[in-house]
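Per-chain numbering from 1; labels A, B and C assigned in written order.
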Amino acid sequence: MSRALAFLTRRRGHGGRWHWTDVVTWVWLLGGTVLMFGPALWLVASSFKGPAQLAEFPPTLLPYAQIAVPVAGHDAPLPLYEVTGPDGTTRQLAEIRRIGTNAQMVDPAEPGTRLDVDIAARRPVREVGLALDNYVRPLVANDFLRFLWNSVFVTVTATLITLLTNSMAAFALSKYRFRGRDAVMLLIVATLMVPLSVILVPLYSVVNATGLVDTLWGVILPTVATPTGVFLLRQYMLTIPDELLEAARMDHASEWQIYWRIVLPLAAPALAVLAIFSVVWRWNDFLWPLIVLSRRETYTLQVGLNTYAGELNVQWHYILAMTVVTMIPVVLVFVFLQRFITTGIAGAGIK
Amino acid sequence: MAARLPGLGAVVAAPLVLLARAVDPPLRWWQRVAGQGGMAAVFLLPNLAIFGVFVLVPLALNLVYSTTAGTGILLGGRSFVGAAQYARLLECGDYLDALTCREDMFWTATANTFVFVVFQVTTMVAVATITALILNREIRGRGFFRAVFFFPVLLSPVVVGLIWRWILQRQGLLNLIMVSLGLDPEVWLNDRTYAFAATIGVSVWAHMGFYTLILLAGLQAIPKDLYEAAEMDGTPPARVFRRITLPLLGPNLAVVLVLALIRGVQIFDEVYVLTGGGPGTSTLYLTQYIYEVGFASVLRNPGLAAAASILMGLVLVVLTLCQLRLSRRGAARDAK
Amino acid sequence: MGTMVTGTMVRGRGWLLAAALAGLGPAAWAQEATELRMMWYSDGIEGEVMADLLARFEAENPGIDVVLDNVAYQVIQEQLPIQLASGQGPDVARVTNLKEQAEHWLDLRPHLEDPAYWEENFGDRLDWMRPDGSDAIPGFLTQLTLVGGFANKTLFDQAGVAIPGPDATWDEWVEASRQVAEDQGLPAAFAIDRSGHRISGPIASYGGNYIGADGMPAPIDDGTMAFVTRLVEWTEAGLQLPDTWVSAAGTTYRSGADDFINAQIPFLYSGSWQVANLSTKIGDAFDWVAIGSPCGPEGCSGLAGGAALVGIKYTEHPEEVARLMAFLAREEIVKEFSERTLFLPAHAGLVAGGGLAFRSEDPNVPPALDRFVEASGETVAMADALPAWKWANAYYGVLVTRISQAMAGEITLEQARELMDRDIADAVANAGQ
């Protein structure tokens, strides 16, 4: 234990003494872990709860199921309760049936004697139990593999196109001086200002006119020219020294080569950030695919899982389970890509 | 770059590298013909083409919608009313009292959004900067902690709203904890102040990973030898932060500020699920107003919604330009 | 070809088989079938039941292939209208905004073998889904709903308070619930779903009327204000759970069902569609009863509503659509659908004949559904007119928005009344343009 503690508290050190920044660091990190991860873990735990338990007040941390015990003379196992007697003693009884505010109970050890118990005096005995049905049913009932493939296709294609077109545009906007550059930049920033949820109808008209409704390209194309990506990459590329480009031009590198061999590698951290975001966004895209895709062979996972949202009732247990399933691939992508951020410019050889 | 990608990355990258080589000769020719300016056009073209069709055209259409009235969804079935929708939105007896306005909900939403953005952006930038600085230190399990702080970004806004609703509601997780600590429970979402704070907290929770990552990428780009030199000179950390970190982080901070501001103004899904705009109208923000007017009700008024969205966009453009100008001036001053 | 084969996967069984078929490539088989698209949303298991029924239809009609596109309700509300306005859409859809979009529905009459059967069994509610003055047969209600209340019988028993009788007024119900809540230490006495539709039955019981002599929306009247005033006062006094109404803005829908399920309130005013939900989530935790609607001076009215399956005018296969609709509207099919989903059927012959055996082991369910059937005869004239009234949803939205503000103390009741009148006038003016 103490070794584990020593391991955890190890720090870049000036002779083992704690600097106040180390304290802040660890308080922040551990506090952050609880705050960030806690609700998410709770989400995962909740995804294993049945519909009744999800609606339960007060909520429990873990999914529970009531224990049922076989009792002689009864076909089905009976639910087990802990009953507090009038004298304050407690015993575990199985319930045969409840009538109004009274429960007919029986001690599993002596199945012959029936007891009458006020329901206020009993509490269910429960154990951790997973409602795997939340996962199994949607996976079996839905065209899950098809949805998965559609999501992967949309995410990968959109991300590749985003990285390429956005980095090209950002390169032009950060490293060339030409007439109208500021105007183009302004235009791009300005279009960040109106959220998608507000221009749905005009956008749908455009997609409809281009014949892309109910196709995956109708989901991909409107999202790839993201102003955010251009903006992010441009700001990053501004920090790349122009001298590097000039030196390459001296060596007769073409502009395309400069972009491809110098600027892109140097912008790797920003590209990794954009790649991560693009993957996350496209994977989680919901509102727009919902509008474009109404035939189930084109559904993405997000659209598929939202079929459990009805008018008067939402089947949260399925939605939560499918949310957890859809989260797994993006977590993996993040773990893979975030390493590229650490490599950074410093390691790439500008000095 | 391709050479540094391991395994799977190399496989993905190989065709891309081939493609990049293949386009070089024709582009070289074009460079000779059209010069550098011509190359700028080539680099801009793919993005601007897609952008033009799928962003600019819809925005232009939105502008047209804002000059029409009626319940029709397609432009063909709507009648032109000029600036009437704008006039209706802007008509007010006293701009400080929403109830005296023709569209009281619009002004309530605008005022709420303004206060929200001020608090949310400040909190967001501060929290993201601190987290990025900490994650940039050489600590054990850095990769793990990065994943931890980024994790909520992976959740869809609807799920974020839902989780926190279950935490904050009358018999939610938070009250469960309060009771077990011997404190009095509170109906958080029925209280104006708490509900407002919750919308800020939850949106920071959900999106800070995004901004932290941008800042982290910026921090990684600062050459390490600058810090080493500072350490050798015995410069105190606060000074290192002010003189090295902050100026070099400038462009990324500008990105974060601008994006946080824009997305703050556009806040919608998670708040919609979390508070639904309540209690009363105290967390009713602009996008929810626009969404309700434009889509949610059966007798929708898309023209009014479009006009409101354009007013919102205009304000954002002005704010963003001010911010960019300030950060540029700041960067210029720091460089001296 | 590819899409057609994937279409057969929809029934939710054996996509592997379908994939194998795609590999074998029986192109001729796929091309023969006419493909129909049905857009469907689910609140519970009705999507699975429909998939079963469609499989049966396909077995009967080898030339027709029906693809069930399960969608989120949001798609029905937000995407379908755009599609319809552009003259597109699925062939058949399950929708709730029946009257406002009536111009887009297909008139099945010329394609039906036996229109009289439809008149006879669904005739009462065809006006809900066709333009005023038309005799079209656009479809039928898959589910008839009725707004009404539920009481937690166990809580009432524990508190020793008698459940108010069938003629009890709203005041009596709220008072009885208050006693239960006080005795049992509950946070509130009752909750009504946050929806203008829910409160319109009670408003009708208090003599409120929305419909002007010319069929256009009338200004908010005193009857409406009578109930609205009570509602606001009950909420301010902490009798109605503030979580449903106060803690949301605009027209956001919030249900009080979860609080009822967790025995936090002894009395819930919602509707018949909750029966399946309550049965699943409450289980054996307590006994609950459907109580119909409490009374006002003018009656004890709830409000009917429902979702309908309609043909879409823009289909290329009206004959096949009619054949599908005729199949689904058969008495035995409607019966099976209702029994399995625990929905109230809207088929006159079926209701009159009785003999519905709802498939539930929960002893609370059958009496609850019976009570709703009975209560559907207690609605007053205004409530009966609303489902077929074009402006109803606009009126509901305005009521919810402003009443909530009054409950939150942001505006007074007088201001609320003025604002409601203005909002309605705005909606009418905008629609006229």
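The criterion applied here is as follows: a contact is a pair of C-beta atoms (placed from the backbone, for glycine too) under 8 Å apart; a residue touches a chain by one contact, two chains touch by 3 or more.
Keep in mind that this is a model prediction, so the values were computed, not measured.
Asker: Could you tell me which chain's Cα centre is nearest to the average position of every protein Cα atom shown?
Answerer: A
Asker: Quick one: point me to the chain whose Cα centre is farthest from that of subunit A.
Answerer: Most remote chain from subunit A, centroid-wise, comes out as C.
Asker: If I rank A-B and A-C by number of C-beta contact pairs, which comes first?
Answerer: Of the two interfaces, A-B and A-C, more C-beta pairs touch across A-B.
Asker: From the C-alpha centre of subunit B to that of subunit C, how far is it in Å?
Answerer: 37
Asker: If you average the CA atoms of subunit A and of subunit B, how far apart do the two points sit, in angstrom?
Answerer: 18
Asker: Using CA atom averages as chain centres, what separation in Å is found between subunit A and subunit C?
Answerer: 33
Asker: Could you tell me which residues belong to subunit C and also touch two or more other chains?
Answerer: Subunit C, residues with two or more chain partners: 78, 82, 86, 259, 262, 264.
Asker: At least two partner chains per residue is the criterion; list those residues in subunit B.
Answerer: 73-74, 170-171, 295 - these are the residues of subunit B that touch more than one other chain.
Asker: Using the touch rule from the top of the page, what residues of subunit A touch 2 or more other chains?
Answerer: 57, 200-201, 205
Asker: Under the stated contact criterion, what part of subunit C meets subunit B in this complex?
Answerer: It is residues 77-78, 81-82, 85-86, 97, 100, 187, 242-243, 246-252, 254, 259, 262, 264, 391, 393-394, 397, 401, 404-405, 407-411, 415, 419, 426-427, 430-431, 433 of subunit C that touch subunit B.
Asker: Could you list, by residue number, the parts of subunit A that touch subunit B in their complex?
Answerer: Subunit A residues touching subunit B: 7-8, 10-12, 21, 24-25, 28-29, 32-33, 35-37, 39-40, 42-43, 46, 57-59, 160, 164-166, 168-169, 171-173, 176, 178, 181, 184, 186-195, 197-203, 205-207, 210, 221-222, 224-225, 227-228, 230-232, 235-236, 238-239, 254-257, 259-260, 264-265, 268-270, 272-273, 276-277, 280, 284, 286-287, 302, 316, 319-320, 323, 327, 330-331, 334-336, 338-339, 341-346, 350-351.
Asker: Which of the residues in subunit B end up touching subunit A in this complex?
Answerer: Result: residues 1, 4, 8, 16, 20, 23-24, 27-28, 31, 36-37, 39-41, 43-44, 46-48, 50-51, 53-59, 61-62, 65, 73-75, 130-131, 134, 137-140, 143, 145-156, 158-159, 162-164, 166-167, 170-173, 175-176, 205, 209-210, 213-214, 216-218, 220-225, 237, 248, 251-252, 254-255, 258-259, 262, 266, 268-269, 287, 290-291, 294-295, 302, 305-306, 309-310, 312-314, 316-317, 320-321, 324 of subunit B touch subunit A.
Asker: Taking the complex as given, what residues does subunit B use to touch subunit C?
Answerer: Residues 69-74, 77-79, 81, 99, 104-105, 169-171, 187, 189-190, 195, 272, 275-284, 288-289, 292, 295-299, 301, 303-304 of subunit B touch subunit C in their complex.
Asker: Could you please specify the touching residues of subunit C with respect to subunit A in the complex?
Answerer: Per the stated touch rule, the residues are 3, 6-7, 9-10, 12, 15, 37, 39, 41-44, 47-48, 67-76, 78-80, 82-83, 86, 88, 90, 96, 153-154, 157-158, 255, 258-259, 261-262, 264, 271, 273-274, 277, 280-284, 287, 307.
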